[in-house]
Amino acid sequence: MNFQRIRGIGIAHAVAYGVIVCGAAALMLRTAAAGKPVVEPGFFLLDGLSVFFMFVISIVGFAAALYSAGYISHDVQEGRVSERKALMYYALFDLFLASMFLVLSVNSLGILWAAVEMTTLVSAFLVGFYRTKQSIEAAWKYIVVCSVGIILALLGTIFFSYAMSCAGGPRTLNWTDLHSYAALLDRNIVRIAFIFILVGYGTKAGIAPMHTWLPDAHSQAVAPASALLSAVLLPTALYAIMRFGLIVNISLGSVDYFSRLLTAFGLASLGIAAGLLLVQKDLKRLLAYSSIEHIGVICTGLGIGGPVAVFGVLLHILNHAAVKSLLFFGAGAIVSRYGTHNMRLIRGVGRSMPFTGVLFAAAACALIGFPPFSIFMSELLIVISGFSKGAYALTAALLFFLAVAFGAVIFHIWRMLSGRMPKGLQQADEPLSIKAAYVFLFIFILGLGIWVPGIIRDGITAAAQVLTGI
Amino acid sequence: MDYFILAHIRFIFDPLSVFFLAVIAAVSAPALIYSAGYLKGQFNRPRIVFLHALSVVFILSMAWVVTSADLIAFLFAWEVMSLVSFFLVVFEHEHEQSVQAGVIYAIMTHVGTGFLIAAFMLIAQYSRGLDLDSVRVACASMPSDVRNLVFIFLLAGFGTKAGIVPVHIWLPYAHPQAPSHISCIMSGVMIKTAVYGLIRFVIGLLGVTEPWWGVLVLILAMVSCLAGVIYALMEHDIKKLLAYHSVENIGIILLGVGACMLLTAMGGTYWALLALVAGLYHLMNHAVFKGLLFLGAGAVFKATGTRDMEKMGGLIRTMPWTAGLFLLGAMAISGLPPLNGFVSEWLTLQALFLGAFHAAPGGYRLFLGIAAAVLAFTSGLAAACFVKAFGITFLAEPRSQQARGAQEAPVSMRAGMAVLAGLTVVLGLGAVWMIRALVVVAGSAASIDTAGVSFGLNNLVISPAPGSGTYLSVPLIFLALALFAAGITVYYQRINKRQVTAFRTWDCGYYSLSSRNEYTATAFSKPFRIAFSFLLMPYRRTRKIWDTFYQVRSFSYETHTTPVFKKYFYDPLLRLIFNMAGVMRRIQPGSIHLYIGYIFVTVIVLVIMMRRY
Amino acid sequence: MKAVELMVQFLFLCIIAPLVSGIIAKVKNNLRMRKGAPVLQPYYNLIKLASKDEVVSATTSWVFRIAPVIVLASSLAALLLAPAFVSANSANAAGDVLAILFIFALGRFFMALAGLDAGSSFGGMGSSREMFIASFAEPCASLAVFSLFLRSGSTNPEFLAHAGTLNAGTIFAGLCLMMVIIAETSRLPVDNQETHLELTMVHEAMVLEYSGRALAFIEAGSYIKQIVWFGILAHILLPATVSFSAGLVPVVTAVMFFFGRIAVLALVVAVLEVVIAKLRLFRMPDYFGFAAVFGLFAVISSLMGI
Amino acid sequence: METLIVTAIVIGAYCMCIAKRITALVRGFAMQSFFLCLYTLVRAWKEHSPELYIVAGLLFCLKVMVIPYSLDKICRKIKVKDNLGLFVNTQVSLVCALAFTYGAWVFSNMAVPGQDPAMTAALTASLTIVMAGMFLMVFRMKALTQTIGLLVMENGIFLLASSIAGGLPFFVEISIFLDVFVSVIILNIFVYRINKLFTHIDVTKLTRLKG
């Protein structure tokens, strides 16, 4: 009986997140309309960029909440998870999302740092949720590696404040102040500071070679949590990098430094991810590495720069969030069905769980950039601007790595989806809430490929304006 | 600039697009008719519905490809086409090899698309918009080295889809795996969209200036012709055989297109037009007869449950309709008068000859002559191959139980095939009208003024070069053949009628002649296997199964040919990539200390290198 | 008027077609110090076959039945297009030399199918070899034609024939074409019309199952094919012609002159067939490689205009 | 005055680099934190800022009292063998630490040329400590050392903040403290769990997840 209560809680929880989605959308709309932060930046800073990211997070959060309602209650039903633990799960879930919202909304870069650290600490429990040896190991690596990275980020932040004090600015870490004083900051220190920032938050964003924690954590976390980690935590860390990047660009007077660093790291991530995608056996690790790959795409796009590329990058963040969370949801369902992560042992998903199978296939095609799905468009935008910037070699490399990743993913996924289902496994239907989550995300995946509705377009444009400093 | 698809949905219906629409319709409609009977009893109801839905989307996407007047829309439609066809290839996903085929297909086509994207983006550099008109303007203002690069990319991209050697690797895997009416559409139409792309973008928009473009295309075409037909000769999986013939025929089509490019660059527009007409004509014809053949093969497959020709034979008695229609297709593809394949091959030969004579200087003449010789060689080998295909499959005694128990195909399937068979005849006899239409198409495609140009003397006689006395009249030839045949038959049946007794085949006094004594497909192609051993690298394995130490119970003998391109190009490439991946795997050994070390090192390196960037 | 001339030529060629084979056989035998069959032996054979009953294999299908008809019909159709003593043959508005090649291919195609139809391994062997040889013959033929075409700018057999006086190009082309013809008329490199020995059976193996009238058709078909080829070759290697005009004397001279040229060729062919040893089947590519080299020489020398 | 304290802090870092036993490490950390606290007090006294007094108080409570205590408690509870596995022996470690100092000095001259020596010294010191912490995390095997390494790095950064940047905004300081505290607690929890599952806390043996 208790699992029904858990499901009830889950549903209510999901509904709450539905409300949050609406709120975020409304906020984004108003910000875009106003063309400037709707609330005067004080402790909070809600300009186009942060609002857009909030929108993305709220969407994934809503889907994840919907999914959890089915997933966790099912676990409880199976007796895999105690009721108390289920409640704790919801608590952690909310805390996690709250900390991410905090990251996106605060003005002071110091608090931002604290919030990012907060996300690590909270999600560590979600990673170690099942308390198996693997999950604990993953959680430990996650928390330690990320904390080290984050500490470096703090170092960078302090260098910024030092630069500020050298420039005779007020003793504050508010982004708005730094932004206004940016031109006066000592370039040398800013350079150094940004290195620390990039490595620090880059660790959290899963940029190679600091990505090492990522596949472990993502593969061990609870399915909805993996989705959250992959879909929104990485962009959240990137958001921090973007914030600092803006200051750096102004104070250095050119975007070269920023773009060169990001391009280099982006390509590195792409290469490593593409290579490791080929030799994966574990389903969720595969998805994790593809997240690294997409982070690589995003970084490269940021490195390329220019309005088109930035628009593409932001759109790509949204698309990747939707696609990747759908994939992780599907993976969670499949894994709990087949009882293994090993793709060599999973066969005939299309038969054993048709609904999941079809949507998973569609999402996989979207992930590797087939139209009419959304990622094709955003990647195309990035490639286009790459060519128009004349960065031929760079874009060629990007295309090459994408092709390799394409081959790897399609190879693994299709061998898994196709074929007859193994003996002793009969066709089963997913709970309604899970289906709802799938469909909700799929609408985005398909819709954004064909047509970007006005609200999202305005939101992205506003964010892009902040990013391109227009 | 807005890059989203809705803003780019523009259509173009110039003669070229309309022609390709016609091709699509001409092949797809019969295929769909056929599928009604073909799918019955193969899959359960929902899957059939799903398959039909996919097929319709597939056809529509191809139609969109050939009519979209915008680069983005073209790419979009192109990828949708690839995606849907991929789903169709892996449709029977219970078979491991269908998934493998699908994966190979997907990867190859994706690489091709990568090249296309690169080419289009290069073009977009020089153009205001992405619609074809502004692209045409842009292409005019492009520096020559960029033009060459764009051409190479386009050739690579479209060539992959068209399945020209050496990027044909996916084709013989993918086409046979799909359900037969889909193989028919894929082989008949889908690979033609690549030719459309070449004509539209290279000849139409980019404009051929360099002779070496044409030379390159011709060389690739020749290689494709020969390699395709030689591999086809070695096949005894009937659908794979047909797939390899698609490679060959794409080669023949590209002979026409390449000659057109070369001659355009040489300035012989009239002869370029002739060449393009020949290419387009063969494109149409190949769509028709290859479609027919795939449908026939599907019927055989449905009846016998196997695609292996060695297990067939004698089907002409159990399924006479299918046999007759397949025979028509085989005659057409072997270029026998009076069917359509004959006309287009003749026309291509004439185009090469006349182009060499009128437009090309010294060395190029020899080159074109050799191309013509290669074409002749190819058609000869194709004839041999289809003697094998038809003879082994349909004639003599059944070689297996399945073949013995075969049933004639249902009406809908026969109807589908009959339509295409009729087209092969019509396109053969109505050559002059067809050519007139194609002159308009080719003229608009290559932007050549076609006023007063119709390569025909009157409604019966083709004359590619007026005044040179070179004529061809298919109807007359048909008339002659028919009259003589009728006369002979009359003589045979009426004038000099004798008694005819049926008796056992002569067996050299060896009194148990059975289907095991028949010539097999492998035996038939043995001379070719020896002759082309330089390419095929055949090898054999014989094993003795000993009963006792002294007595051999039986021998096992098997012979194979080496898939050269796979073994010496693709496999090493894959191995290289996988090895690199394996090396990368080692950077993630699971030691947290190492991981922290990475961060540390990264920071220090960056700080040291800081001054560099 | 033209039509009448055409009919005359057509009938004449039909009539003398077997004779050529007869002459060749006779010459061969005499060269071998044998007496040999009379020159008219082919006619006797045809008549004998035409008056016999038939035995057909029980396992065959309608393909087997129609094959002889198509073979003969295609040969006759080719004969219509062939150049002979009637100049400016209006029938070749229907087709050119390439068309002739394709028409012969039609007959060959059905012959090979018929060979497979009976289900004996002889037939299969024969058709396999036949298609093998033919597929190698075609490029050589097309090269020869191309080299002549480069002079006249037309593939009309007449124009090809009047490609000009004898010179290097035409000689090479002629040699190439002659090798092709010798193979096509199943004489060299492997085939031997006189024996039924598996090693040298190509054409004979295919027609093994035929008897009576059907066999007669096939034989007649191959005679006619032979004279078509010889006609073309005669025009290339012995280019002088007497034009055909009304009146008995000129007609007879033209006809006789043409026949003389054919006879000369027959002589040459016979000699070649006797003096050249047969090749193994798998050496066949070398034979045609040789022919192809001649063809290339021909093309090059016509490019150089010599 | 400050310079002396800073030197003491750096020496604390050295001690930790050559420590062989966890308890020694914890002592070293406590000592370092104590000097850090002292340093903050001095600055507070100089600048007469109440915020800094509070910060110093927090520093004392948390880093000198609570955290070392909890670490000790963990050690006792999970009865790990006391020595922390060394990848590199103490002499080499010491050499490394000196190398760090030198590198830090070079770096700080490069980064902020023309500052007064005290500033440069502070920068050098804090970077040394950060690197020492990093060193501990990379070259010591036990899970606990990684916790401590993290804390040491944090100390270094705190020193940096309060020395060159003239301290962070009060609110930021507090939240950072909070974070550090929470992270220590969570790390401890995980150390418990590791010990429970693996019956050791040797993180070099945690290599199930790879590739």
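In this document, chain identifiers A, B, C and D correspond to the written order of the chains, with residue numbering beginning at 1 in each.
The working rule: a contact is a pair of C-beta atoms (placed from the backbone, for glycine too) under 8 Å apart; a residue touches a chain by one contact, two chains touch by 3 or more.
Everything numeric here is computed off the predicted structure, so don't read it as measured data.
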Shortest contact path, subunit A to subunit C, counted in steps: 2
Subunit D and subunit C - chains in contact with each: B
Chain whose mean Cα position lies farthest from subunit A: C
Interface with more contacting C-beta pairs, comparing B-C to B-D: B-C
Chain centre separation (subunit A, subunit D; CA means) in Å: 31
Distance from subunit D to subunit B - Cα centre to Cα centre, in angstrom: 70
Separation of mean Cα positions, subunit B and subunit A [Å, integer]: 44
Residue numbers of subunit B (touch at least two other chains): 585, 588, 592, 596, 607
Overlap residues in subunit D, where contacts from two or more other chains coincide: 134, 137, 146, 203, 206, 208-209, 211
Pairs of chains, among all present, that meet the touch criterion: A-B, A-D, B-C, B-D
Residue ranges of subunit A in contact with subunit B within the complex: 140-141, 144-145, 148-149, 152, 191-192, 195-196, 198-199, 203, 209-210, 212-213, 215, 256-257, 260-261, 271-272, 275-276, 278-279, 308, 350, 365, 368, 370-372, 376-377, 380-381, 383-384, 387-388, 395-396, 399-400, 402-404, 406-407, 410-411, 414-415, 417-420, 449-452
Touching residues (chain side subunit D, partner subunit A) in the complex: 111-113, 130, 134, 137, 143, 146, 150, 153-154, 157, 160-161, 164-169, 171-172, 175-176, 178-179, 182-183, 186-187, 190, 193-194, 197-198, 203, 206, 208-209, 211
Subunit B residues within the subunit A interface of the complex: 1, 3-6, 72, 75-76, 79-80, 82-83, 90, 93-94, 96, 98-99, 102-103, 106-107, 110-111, 114, 117-118, 121-122, 124-125, 577-578, 580-585, 587-588, 592, 594-596, 598-599, 602-603, 606-607, 610, 613
Residues on subunit B engaged by subunit D in the complex (per definition of touch): 585, 588-593, 596-597, 600, 607
In the complex, subunit C residues that touch subunit B: 50-59, 61-63, 69-70, 72-74, 76-77, 80, 92-96, 98-99, 101-103, 105-106, 108-109, 112-113, 115-125, 127-129, 131-132, 134-143, 146-147, 149-150, 153-156, 158-159, 208-209, 212-213, 217, 281-282, 284-285, 292, 295-296, 299-300, 303
